[in-house]
């Protein structure tokens, strides 16, 4: 592979990924409205296009044509860069996600590390947006978002470290390769870690909290803080926050899929694996995210921090110790351990 | 003991969350209960209190109203105004104008109750939208005539 | 927690909650002095939809004021209708036929269930859960349909008359109500499983927003707020009126005084109201629904009269001063949430913003009734 | 209950039992404006709660009363004169200009534990309506006093803030006064 084709490949992938992120966000909104509609025993969008399928397009056009208001007191620089700070890291993280064996923009050895590096930038966007808005509700929201993200990165990273100990690599595609069928998915690999399903649940809860999804949507908390950090945003400023949020959900669920559910691999040997498996698993997890959102009330900041420090961190540490012990006692046959 | 409470809280809480999810997924697969309003609509109940309308004498088609003004006096918000005159040789007054200012009406129905002749009744109309305030000053006499001519046209 | 928030020389800021805010359920404004997320002081600012109903009353005949009562508390309009007709009946000495009293009790209790269901949904919405609201609306809609079929309106019923009710109920209503109660009995366990037992709810409501019984007394709190603080006070029981003494029902009382207790009181009241409706339907007597001897123009003897009923939110009182003419000389409407909200400022001090909003939700505010 | 009545009788100008079924309250207590706080303290100690405070504007009541009394006196005089066979005297016009109008403030108390409603009322001069606040005894009275001040212009001395509460911030009128019309 020479240098120029590599550049073209990357550009093509980037364009594709941004398009994917945008379309995905638009249609996840549609899906969210449909899911919540049916959970609440109503239909959801239905007027624009069949099953309301054109609704996201109409919404997108509306958002793009709306004026981007700049309220008088805001910090103009911070206010403008915040939405980009949320969206760009999310899109960048897609670069290392293996949609299938070959469908990956750039396979790098520390892919997992890179995703988490970018995930940490996300919270900076929320902080900057909330601070720059010069709105008391937004500032409270920004403070909440930061403390929440900091608290939840710890159990999440401990869990990921456990997984890296098992897999022996940070290359996402290699992690997927190690899980060729359902019995060897890491969520069920009790030989590696007796608490594997618990680790999966911890990872899932943390990714909910990291992406500010209900029941951890303290930053948006519409009944307390109006709309939180994006209270002052209109038009596409708000649209970018929205896209960023949904892109982050996809990243979170993709990682869960890759680390625990075998990524693009088929669960059973007689059906070939591929990107469709990956998307099916990711969308199933996203459905669960929505299902959870439309079931539970919101936690408070104390409840959230209690959950993190008193439950998630001790259990993930226990998991780390147990896994370390297991790996020492009986090294994995399939994994690199 | 404290550890016991901790684990009880942990597992009990986790179980309560699972139960919650089970309930919402149960409703997810149940049929929707909403009515797709502009495409379909409910029939109003017979007692539905819409704005008032004049009742016509089934024989002559003329309004039953004898212009006693009871409805006007009973109205708390003063939204009814009516006029009548006594034509030469006639025994009773004849209604010449009956307007309802619907912007002020609170749909309490005291006018209908006060009427001793059954000359006003509630309409079943609820699709009321208009571009201006003036659109809600109803000329009930005209509405009655329109209804009659519509009925004639249908017949 | 409260020491932290109330220590001197702290940098505080003022947060204007409302008048347009999702958690205030209408146009209520709360001026909060905040220390971070802790509330240093909270001061409700009222009057955004003040309509001076009491002056309106002085300019109308006794009967003409009836539609106004339903517009005080649009969620429990029938209780307010009842409170007013009861006061005027007492002043003018009008007897009410038994069937009419039964119909009043049935419709008022249905209205109470509807009000509590809506509160349940809106309260969970305050806490960030959206779905229970629509489940509750589904059930409430059935009640509204039933009441519409009798009264002709869905919200501002204006159904009671001096000496009876506007028109009789029919068999469809009776069977429909029985079916509805059967349906709600099946749905309530779902509500409890989805919301009441949910660990997030419990963590948010237990021991949060504690109001002591003494505080309730000092502020004149009534209804579920007082009963959640261990005060066994319900006008239906302690000052019996209408045909309530004939029914067997419990007054749920919880002693914790926290938001959870107020929540549980209302949820239990739904069940008790269903019991009352069932018994009333079983024993519904025949007869007229309107007293025959009610004069067309009512002129109560000069003097003052007071009458209270148990509305969905607490004690609704009507004080009438008559000068013997066909219009009230003075009409005072004592609304329950006015007193219930007045303790918010003291109760919310030192609380977290999110908890204070849960407390405010648990007070079950209906702003038109506070502002009148 | 009897003890409460006895204690109220010490303070009040008059205490009378009312027919509950007809009136809706049991005890009708009239106190001097300066004694409302004492009455509140007695009721507070007895475990009562304050349900509401309100006012009644008795504009023209004194004049009406004087006229009615004069009429009654005249009727009696006329009757006496007729019986004595004398010429009935002319009725003299009643001079009501010196009469002072009053406003009434009503406090409704009730108890959670037993059914006994106590109504405490007092009258103040309509031109200078002032009486002490009871918010120190019942903090809940604060809002009711504000409302009553809004509607009637009655000043509760000691209330921390009597700026318009339910009325708009700039309201300088008192709508429930009988001489107010919108």
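Just so it is clear, A, B, C and D label the chains in written order, and each chain counts residues from 1 on its own.
We take it that a residue touches a chain if its C-beta (ideal position, glycine included) is under 8 Å from a C-beta of that chain, and two chains touch if they have at least 3 such contacts.
These numbers were taken from a predicted model, which means no experiment stands behind them.
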{"item": "Chain C and chain A - chains in contact with each", "value": "B"}
{"item": "Leader among chain pairs (count of C-beta contacts)", "value": "C-D"}
{"item": "Centre-of-Cα separation between chain D and chain A, whole angstrom", "value": "68"}
{"item": "Distance between the centres, which are taken as Cα means, of chain D and chain C, whole angstrom", "value": "29"}
{"item": "Distance from chain C to chain B - Cα centre to Cα centre, in angstrom", "value": "25"}
{"item": "Centre-to-centre distance between chain B and chain A (centres being mean Cα positions), rounded to whole Å", "value": "50"}
{"item": "Junction residues of chain A - those touching two or more other chains", "value": "39-42, 294-296"}
{"item": "Sequence positions of chain D contacting 2 or more other chains", "value": "none"}
{"item": "Sequence positions of chain C contacting 2 or more other chains", "value": "131, 135, 138, 194, 198, 200"}
{"item": "Contact pairs between chains, per stated definition", "value": "A-B, A-C, B-C, C-D"}
{"item": "Contact set on chain D toward chain C in their complex", "value": "21-25, 47, 49-52, 54, 56-57, 106, 108, 112-115, 117, 119, 138-140, 142-144, 147, 151, 164-168, 175-176, 182"}
{"item": "Partner chain D, residues of chain C touching it in the complex", "value": "46-47, 50, 52, 54-55, 58, 87, 90, 93, 216-222, 226, 231-233, 238-239, 303-308, 315, 317, 319, 321, 329-330, 332, 334, 338-339, 342-343, 346, 371-372"}
{"item": "Touch list for chain A against partner chain C, complex", "value": "36, 39-42, 136-137, 140, 143-144, 214-215, 217-218, 221-224, 226, 294-303"}
{"item": "Residues of chain B that touch chain A when the two form their complex", "value": "6, 10, 17, 20-21, 23-25, 27-28, 30-34, 36"}
{"item": "Complex contacts: residues of chain C adjacent to chain B", "value": "60, 63-68, 71, 131, 135, 138, 145, 148-153, 156, 158, 166-167, 190, 193-194, 197-200, 202"}
